[in-house]
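Note that the chains take the letters A, B, C, D, E and F in the order they are written out, and that residue 1 is the start of every chain.
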Amino acid sequence: MSPDFAITLVYIGYALAVLLTFGAILTWVERKQAAIMSDRIGANRAYLRIPFTQVKLVWLGLFHGMADGLKLLLKEDFKPVTYDKLGYALGPWLAFTPVVLVFAVIPFGGTLDPGALFPSLADWFDGRTYPMQIAPLDAGLLVVFAFGGIAIIGAMLAGWSSSNKFSMLGALRAGSQLISYELVMGLTVLGLILIYGTVDLDAMVRHQSGTVLGFLPAWGIVYQPLAAILFLTAGIAENKRIPFDLPEAESELISGYFTEYSAMKQGMFMLSEFIEIAIIAALFTTLFLGGYNLPWLTDAGFVFPGGATFELGHGAVVAIQVVTFLAKVFLLCSFQILIRWTLPRFRWDQLLGFAWKFLLPLSIANLVVTAVAVWALT
Amino acid sequence: MSLETLLLYFFAAAALAGGVLMLIARHPMRVALALISSMISLAGIYAILGVHVIAVFQVLIYVGAVMVFMVYVIMLLDVRDPAFLERYGRAVVPSVAVAAVLSVALGAAVSRGRIMSADYLAGLHSNSMAASFEVQPFSVEFLERYWLHFELTSVLLLAAVVAAIAVVKAGRRHDG
Amino acid sequence: MDRTQLLLTLSITLFALGLIGVMVRRNALVMLMCMELMLNGVILSLVTFAAHSATLSGAVLVFLVFVVAAAEIAIAIPIVLLLSRQRHTLDVSAYSELKG
Amino acid sequence: MPGRQLIMSFPVTATSHSLAEYRARGGYQALEKALKTMQPAGIIKEITASGLQGRGGAAFSMGRKWQVIVYDDGQPHYLIANADEGEPGTFKDRWILENNPHVLLESMLIASYALNVRNCFVYIRGEFDLPYRRLAAAVEEAYAAGYFGERILGTDFSCDIVVYRGAGAYVAGEASGLIASLEGKKSYPRNRPPRLTVKGLYQRPTVVNNVESLSNIAWIIAHGAAAYKEVGTPKSPGTRLFSVSGHVNKPGVYEVELGYPWMKFLDEDCGGIVGGKPIKCVVPGGVSSKVLTGAEIKELVLSHEALWDAGSTLGSGGMIVIAEGTCMVTLSQILMRFYHHESCGQCTPCRHGTGWLHRIMDRIVAGNGRPEDIERLYYISKFNDGTTICGLGDAAGYAMSGILDKFRDEFEYYIEHKRSRYDGNLECLKSS
Amino acid sequence: MSSRKPYVRKRYWNEPEMGWYERSYFFEIWRGIRITGGVFLANMWKWMTGRKGALTAYYPEEIRADYAAHNRGKHILTQRPDGRPQCVACNMCATVCPAQVIEIDAAFDPDDPEHPKYPSRFEIDYSRCVFCGLCVEACPEDAIRMVKETPDLPGFDRGRMWLKQDELLNWQPKQDVAKPYPAAGAGRTRGAP
Amino acid sequence: MPEIFLNGQAVQAREDQTVLQVALENGVFVPYFCWHPHLSTAGNCRMCLVEVEGRGLDIACNMPVSAGMKVFTDSDDVKAHRKAILQFITLNHPVDCGICDKAGECTLQDYHYAYNGEPSLSVDAKVRSTKYYNLSNRILLDNERCILCLRCTRFTHEISKSMALGIERRGDVSNIRPVEDRPLGEDPYSDNIVDLCPVGALQSRQFLYKSRVWYLKATPSVCPGCERGCTIQVWHRKPEWFVKSLDQRQNTSIARITPLENPAVNGPWICNKGRDLARIFERVRADQPMLKGRPVPVAEAIDAARRLIGAARHPVALVSNWGSNEELDSFKRHLGEVFVHAHVKTDWQPEEGERLEDDLLIRPDKNPNTAKARELFDMGEPNYHDGTDLVLVWGEGYDFSRIPPQAKIIFLNSYLAPENGHADVFLPLSIQTERAGHYTNFQGVVSKFEPCFPKGEAVLDAEALFKALEAPPRGHT
């Protein structure tokens, strides 16, 4: 086994662990946060009983997620009578896989020097360093959008093959909504690409280390505040969550394109939704919030503007970076949930009008202004 | 055989299988799925060849845009159409013959390897710069050497958009 | 057979398959998709040559082909939609006489 | 005796009911006259001309009734003498059956001849023991004398008679109930149409007549219709037997020529009221007729039209005289008990209405009356009236509403004070 | 072909005219987020400092103490002095029930001519009962009543949420038909002696 | 044709009609209890009082029409009297609708709501009487509810001629009572009086407290009890009132059976056997196809039967005379060529003590469709010979020992029977309540029956089965 391969495996393991944990935890966070927002208690019933005792571990209802998962796994998998069984079976996978794969290109930490971390393995690694990113692709951002495109097909296929009018409607909505907002998303990001001059996500994050004007962190959101807002909006829309949950609007379409799905197939849709929250948050963090960067944190530790330094070992730096990234992602997830429980659903024509008549011109304007500014400054 | 070669063979086989399935599948949606799998496989091949930009755009444009549009239309026109069940027209034999003749002719050329001759390649290399398929060099090259083509395609796209709208409007007008 | 030959063969095959599809299949949408397959075969050959010869022009040409493909779809599909609205079928044999 | 006598024209002795004495009084000569000299149609014409009215209560012209019978319609006809005398206060037929049965038999023979009847019946009340024995004996005698059987008196006319004892039901006195009883069924009165003269006994034309009405026929045939017309008033010719009971000194059966002054009849013939009390009211013709107060009868004469004008009827001739000091509430309770008991239970209003009346009266008498009970009694009486097959329900209603109309204050007193104004007194002697 | 009019969305009489400010959504959205986020943070602070940040009760551990005075939450069957149900199984309640939750099996008791028909089974599906009280209104015998108690509504098995006759007959004060319905606030319904 | 005026409307009437008949024919409803079109006129309920101009009130049911009479069925006087009569009836009629099986289809209830609508004016105690009197082992009499319309006594006197009922005592304590030496239990038509009773005084013991009538609905059907083929109504629970907690069998069982009036066949009557159809239909059903007693899937059993039919050289069929016209036709059409020797089998023999024949309804042949079967197939015992290698027995009631031992047996039956397991192929059939069809009675009148219960999963409809059996077995083309 080559060290490269080993490190990649470790990264993949980490990514999967984080993603699935986020998926599971977010189901609980969503409930609990919604409850707290609306003066309720929220999940508080499911418990684990320590065997042979009467001690019940409730833990604020954390086990609800586990119960959900078990339930989804163990439930009967109803299959509707459909004329396309293949499409029906393929749908959830096409919706789920791309979402998970996107994490491959997102950097979740700085540069890892395993040799420095584990001196005993230093020989094996031979001083090589690795960016903390599963697939350090130079076209990273484009990959994100490419996978997004595949996910659209998953949702549409699922809705179409269910032989259900509600699902069909949901699928049609999903198709048009996702395409519209993906366009907006791409255009908002173009400004950043102009500034950073790259689409490699790791390079973008590195651009955001340091500060501007001495006190502001050099994050994308500082350069491109409008793009940040537009991107987050479009991202939530991509995720098909309230206020953009038209494709699965309960009150209109039962469950939209996955109405006919049950058991774990439905679970995959739900899970992909929650993972996508994390993905959107991670992407936003990477693009606009400086990724794993903290102001004044360098590979050697904190270097404050006054010249004061706070030396840190490589392990500590890596740990701080990873935790920073996770914390940012988590806060953004929470923010998305906040929005989900704050806003009412759009009307369908408002939704598309919002994308094409408001977000798109704004993002183009943003792009033009950015382009002019970049041209003028360079 | 290296991992890359293995993957290459795998993707090639997958692309071929997708192409064959397109002919076999009855329902347009199945055909579309086969085409998508074929396209993704091709993207994989491009990625292995190191042309990441093309690979990504293959997925982004073909799968993410063209095929989504296609699937959308298939869903919209989801009528129980005899054309869905009637798989082939009458021109099976001639078409297969034409395709066979074409592929044999091209295949012969490929197998003789004339086009891959060293002189030819040398001729190509002579007027190329340090070719890199990295995104940044590629983009710079693209926009500096081929900016006219690029702009012309945008004109083409504009024309296409206008034409599409015109077609739709014409249909509407015809309707009433 | 080296890599280039393999890919060229694949590109020829895909093109041929697409050609057969366009000629044989009767569903307008399927025919469109077969055309896409033909385009893909061409793109593959372009990319192969580009990679083989380490020149960019092939790759650039691919972009042009992408654009053409997108434009083609953008126009072809409204036409198909209009046709199907008129004849209520996607069978191209129904359009053999192109009268309003 | 008030006026001329047609039936009670002889002194009653121990043997006055026998054939021999009847013949000695000129009996069966009318029969001979009828059979030998008259045509059936002539007899009917004679009876019609006489203006004889039914004595059972309805006072319907007998001749008109008989005229319905088609003499020669090829089916047997039946004649029934209704001797089921069950009306409270009425016992006049009993006098005829006991003391002059042959006048009934002779009249029936004449009627049978007139109506082409081969079999005639006497439906006699089951409780009439002596009358039955007398009548049975008379029938024996008549058969023995050849007045019944084949070829009577040498003519082609043949007639048989059957004496049938009822089993004790008031409704069996109603003609159709009587027929049902005679047929062996429960004595349920029957709906008209068809009328009994069209479909009666055994679904054949049948004439049912009261004993007293029939008994007049012999006299009419013997003396002619014109002579009969001279008796009584023009509108109600003839005499009537009145069975007078109640608070009079001399109760009994009296034959009164119609048109005779009422008070004179009571004061002179019946010996006046017990104890010389004023008359409180009189039930003129059986309890089914409405009572008349003492003041009302002062100027009245005994005739059908006079009583109809006064809102009552001579009915069956059962005159009950009630003196002042009698409790009408208790009296009506007794009356209602009678009707309740005698209702056959066929028709809904009568079946439940009589019981309802009885229960309300019982309650009032027991001191649990309610003010609305009087209205309720009126209500029941009203809706009993005319909505039933026979007249029993109507009769109960008439009796009740008649008493209520005249003595409502007494009821109100009873309900209010939970006791009778006259201490529930029915016997005149007791109170004074 | 039918003439197709361009789609014009229906305007409602009370539809507000939105200016650019509202139309751009973001400012209004920000306002909304400020409100909900504020509540969230405040409640979160309460939670983190160990106070309860919610108004909801933990049912069934916590039961509201302030049920309305006229709350009638549980059905009972009244009894004759001998303990048998006053019900004559006439099915009036079952018929009037809008949720169709009452099911009665009738039986014939030839030994008791006064009450020949009695319920052999009387069951109420509490998982679907809407507590409308129509059964009480419909009962001609005053046999079914609703009392102030609250039944154990939650359960793990819908099949076991049928209230059976023996439970319905738990109600202690045995009484006859003539006994009037307890007046409101009489306070005799809950576990009277 | 005298013309009379009903509420001012001139209508045509026949001379022999009564005003009530004319009114009902012309859509003017006049309420009545005691009148019944097939019984004599009693005229004692007084409910049908109408007002005739110039004549006052009289009952319409006994009023012959005369030309030009002006009848008012809804004048104020009539209304008041109707109301009063209902008051009189409810005076002693107990208000125990809650426990009365007639509630919901009770004439008195209907009239009370239509014409009275007030509680009883009486404050006195009602007349109590026998609450439960055993008229027979089929019928209970509640004298308190009886309104003495005498329909039942008239029925026993005029229709069934058993003379079994009469009235005892008089007035408001009158009671219907059986005549001592004429027990009602021996009257095979006795249950009709339950239907005749306008109130709930006569109660069928079978139906006693079984269900409220508004939970039930009636499906028209034909009584298979004899070749008369009386049309009946099968009452069963409405789907919306299916019980969920109580015995689920209530949902798919026959609650009761009443006659469906059919002038061509049975008039408004049926016999008691027709009321007891549940006894026939609710026997334990066979619901599993079997090969020699071994349960197999339907398709396999049908295939085995096809193979047997295909291989047979001298097949004999015994056709059920309980099959509907459609099924018999289907047998003739699809299997008639194979089974040249098809004989009608008598499925149901008269039971011991059962009345064989009378001049009202009951016929000696206790099978519903012998007429149609006879039309299509031979009668009589089939002539087996040594070559007989297949016997198809359709329906029950055949003694298998008569079948030559070498012959294979295909047995089609609906009920559990020992023979089912002995047959080489056994196929369960649906019964009459699970399928639609027609029966032809002995007079040639065709009557329709409709399904009311679902059939079991593996239970087959004979009509489709015969069609399936015609096809060659799988694997042989």
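Just so we're on the same page, a contact is a pair of C-beta atoms (placed from the backbone, for glycine too) under 8 Å apart; a residue touches a chain by one contact, two chains touch by 3 or more.
What you are looking at is a predicted structure, and each value in this text was computed from that prediction instead of being measured.
Shared contact partners of subunit C and subunit F are absent.
Highest inter-chain contact count (C-beta pairs) belongs to B-C. Distance between chain centres (mean CA atoms), subunit B to subunit D: 122 Å. Taking each chain's centre as the average of its CA atoms, subunit A and subunit C sit 35 Å apart. Note: centroid distance subunit B to subunit F, computed from Cα atoms, is 75 Å.
Separating the centre of subunit B from that of subunit C, both taken as means of CA atoms, is a distance of 6 Å. Annotation for subunit E: no residues touch two or more other chains.
Listing the residues of subunit B that touch subunit C in their complex gives 5, 8-9, 12, 15-16, 19-20, 22-23, 28, 31-32, 35, 38-39, 42, 45-46, 49-51, 53-54, 57-58, 61-62, 65-66, 69-70, 73-74, 76-77, 79, 81-84, 86-89, 91-92, 94-96, 98-100, 102-103, 106-107, 110-111, 113, 116, 121, 124-125, 128, 131, 133, 138, 141-142, 145-146, 149-150, 153, 156-157, 159-161, 163-164, 167-168, 170-171, 174-175.
If you check the complex, the residues on subunit E that touch subunit F are 88-92, 95, 100, 103, 105-108, 110, 113, 116-117, 121, 123, 125, 140-141, 162. Of all residues in subunit C, only 3-10, 12-21, 23-30, 32-34, 36-37, 40, 43-44, 47-48, 50-57, 59-60, 62-64, 66-75, 77-82, 84-85, 88-93, 100 touch subunit B in the complex they form.
Interface residues of subunit B facing subunit A in the complex, by the touch rule stated above, are 27, 29-30, 33, 36, 40, 52-53, 55-57, 59-60, 63-65, 67-68, 71-72, 74-76, 78, 134-136.
On the side of subunit E, the complex with subunit A involves touching residues 9, 23-26, 29, 32-33, 35-37, 39-40, 43-44, 47, 53-56, 58.
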